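Please find one structure pasted underneath; my questions will follow.
Lettered A, B, C and D in written order, each chain numbered from 1.
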Amino acid sequence: MTETTETAPGWLTPEELELTRARMPILYVDAVPVRVDDTGLVTHVGLLLRIGSDGTVSRALVSGRVHHHERVRDALMRHLEKDLGPVALPRVPASPQPFTIAEYFPTPGITPYHDSRQHAVSLAYVVPVAGDCRPRQDALDLVWFTPQEAASPLVQQEMSGGQDVLLKQALAHVGCLP
Amino acid sequence: MTETTETAPGWLTPEELELTRARMPILYVDAVPVRVDDTGLVTHVGLLLRIGSDGTVSRALVSGRVHHHERVRDALMRHLEKDLGPVALPRVPASPQPFTIAEYFPTPGITPYHDSRQHAVSLAYVVPVAGDCRPRQDALDLVWFTPQEAASPLVQQEMSGGQDVLLKQALAHVGCLP
Amino acid sequence: MTETTETAPGWLTPEELELTRARMPILYVDAVPVRVDDTGLVTHVGLLLRIGSDGTVSRALVSGRVHHHERVRDALMRHLEKDLGPVALPRVPASPQPFTIAEYFPTPGITPYHDSRQHAVSLAYVVPVAGDCRPRQDALDLVWFTPQEAASPLVQQEMSGGQDVLLKQALAHVGCLP
Amino acid sequence: MTETTETAPGWLTPEELELTRARMPILYVDAVPVRVDDTGLVTHVGLLLRIGSDGTVSRALVSGRVHHHERVRDALMRHLEKDLGPVALPRVPASPQPFTIAEYFPTPGITPYHDSRQHAVSLAYVVPVAGDCRPRQDALDLVWFTPQEAASPLVQQEMSGGQDVLLKQALAHVGCLP
């Protein structure tokens, strides 16, 4: 869960965010971008590609904080647009019910999810994406995988913080876990 | 749940269907067509309008049987196209998990749902519809209601077999129950 | 959503909580206590009874904050025990998937839920309770209602902040919305 | 999905069942028995052990048909009691919403699920079991596995008809997919 600096008025300063992260669970959303066929069946899963400063490849879901006074739907749209570009045409589900919640703890091992910076609780959604995806910000690319590929050890090991587990949960939810 | 005669090879004859209805629960799908805004929030619910032989108005969800060797997704698409026309552009959800199941019993009072002809168990889905709806077959019209209107006594009393309850469950699921 | 003062080390001071509430969405859980029969069907819903300083009666769900480094399951158990006593024997669901999320905004009208103190996002669960309930803290009593009674205008109007809507959503989810 | 002969009046004769299986999707329920800890977290998954006529070991979920005029809840209870014995104390979920549906086709490859005898559509539930399990009928034993063990290739390959996939979906749903 990478997060770029946000400086709009009313938001937290980096210092305040640090302080709060040590005191409160932080509300996140995780979105699993998918391509679907005419009957709604998932054919591909989109993963963001990032290259670390040490050259290591990592793959990630669309993920980020919910702001104060922001609806979860709007947070999903904001992070999808930030990561996939303005013409991705994401279709946020009609129901606010997440397919699961991912509890990222700063201490590893309490849940399958881990975030060394904070205790984040993320509402996770599968989001069909119909348009063109043009990754922005710190992502190099968005790569589409078949469910088979996405659940393979090769791809799974390139994900971190337990997002490999969350991805498999998403595949299970849409009936596409190999 | 109205059903028109289907005569394709391999399907049940009316006599066989009658016999089976007396012996087995029949698998159905119910779809609640909705309009959503850019963030996925439901703005309107579509109800089919039918005029009975005695002139009474009734309103109904899209509903029908699942055929032998037919996927639930394909049954949903078939009934949506049959009732809403070929350019409705329904977006069947990525997940096969229904928001509820409606158990229609021939005996009233066992569940909120009732069907005098049969014991039907229906998988219920909310389906966003993006295109033009042109009702066909035995429906006169498809009328769009706001969630507020759809949950009003006026509209609710025009529905039968417990579909008024199912509609409210759908509204509750998408966070739009007034 | 009433909250008693908590003073354990590592938690927020009242001042810090105030500050954070103005800057971040606060993570909550809402639990709808229910009695179920042998087949799991909900027969009764439990609502906390509170008497305001002006003598007005209000009814409420079990609700409260998730602490830093606390699992959602443990937060549910803590609030259930706090409000229902130590021998209520709540059965927190196996799945972490909430039946809905309730987004309480300080500004009324954005969602059906409202909390003048804060922007709270609550994960909502239906929790069967098998034991004896002995309300503690600021609740006078826990009263069991049939689903019919719980959804009646009489009971609904005694709930505040949109918990009447959340209760109806819970009833819809368990197939008991009248 | 093994099914023992049922001869109660009003039920289908074997010949009628054969005929219907060739013409209609048959409604099933699948139950994944689990042990949970005090907070509802799944600690173990129960699988039935069967020995085939050729000595091969197979493991299976609790599974069976829904009868005419039988509620899904009652079908779940009946199959759980049939397979786990009378003192298993299963806790059928309050919500009728299955965690997924498993579409077993007689033709392999259409979905992950396969049943050479029929097209069965199964409503799948996770069912916490609190009492003693004494397998009856054609099951030799019920063995409890940790989620880790249940998802291991060793156990997965002993399941058939796609129930290995369904089991992983259940583990994903309860947040215990390794």
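Throughout what follows, a residue touches a chain if its C-beta (ideal position, glycine included) is under 8 Å from a C-beta of that chain, and two chains touch if they have at least 3 such contacts.
Bear in mind the structure is a predicted one, so any value in this text is a computation, not a measurement.
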item	value
Chains in simultaneous contact with chain A and chain C	B, D
Same-site or different-site touching of chain B by its copy chain D, using the half cut	same
Centroid spacing, where centroids are CA-atom means, of chain A and chain D in whole angstrom	33
Rounded Å distance between chain B and chain D, as computed from the means of their C-alpha atoms	28
Junction residues of chain A, two or more chains touched	71, 95-97, 99-100, 111, 173, 175
For the chain C and chain A complex, residues of the former touching the latter	10-12, 16, 20, 22-27, 66-72, 95-101, 103, 105-107, 110-111, 119, 121, 123
Of all residues in chain D, those that touch chain A in their complex	100, 111-112, 165, 168-169, 171-173, 175, 177-178
Of all residues in chain B, those that touch chain A in their complex	34, 36, 38-42, 71, 73-74, 76-77, 91-97, 99, 126, 128, 173-175
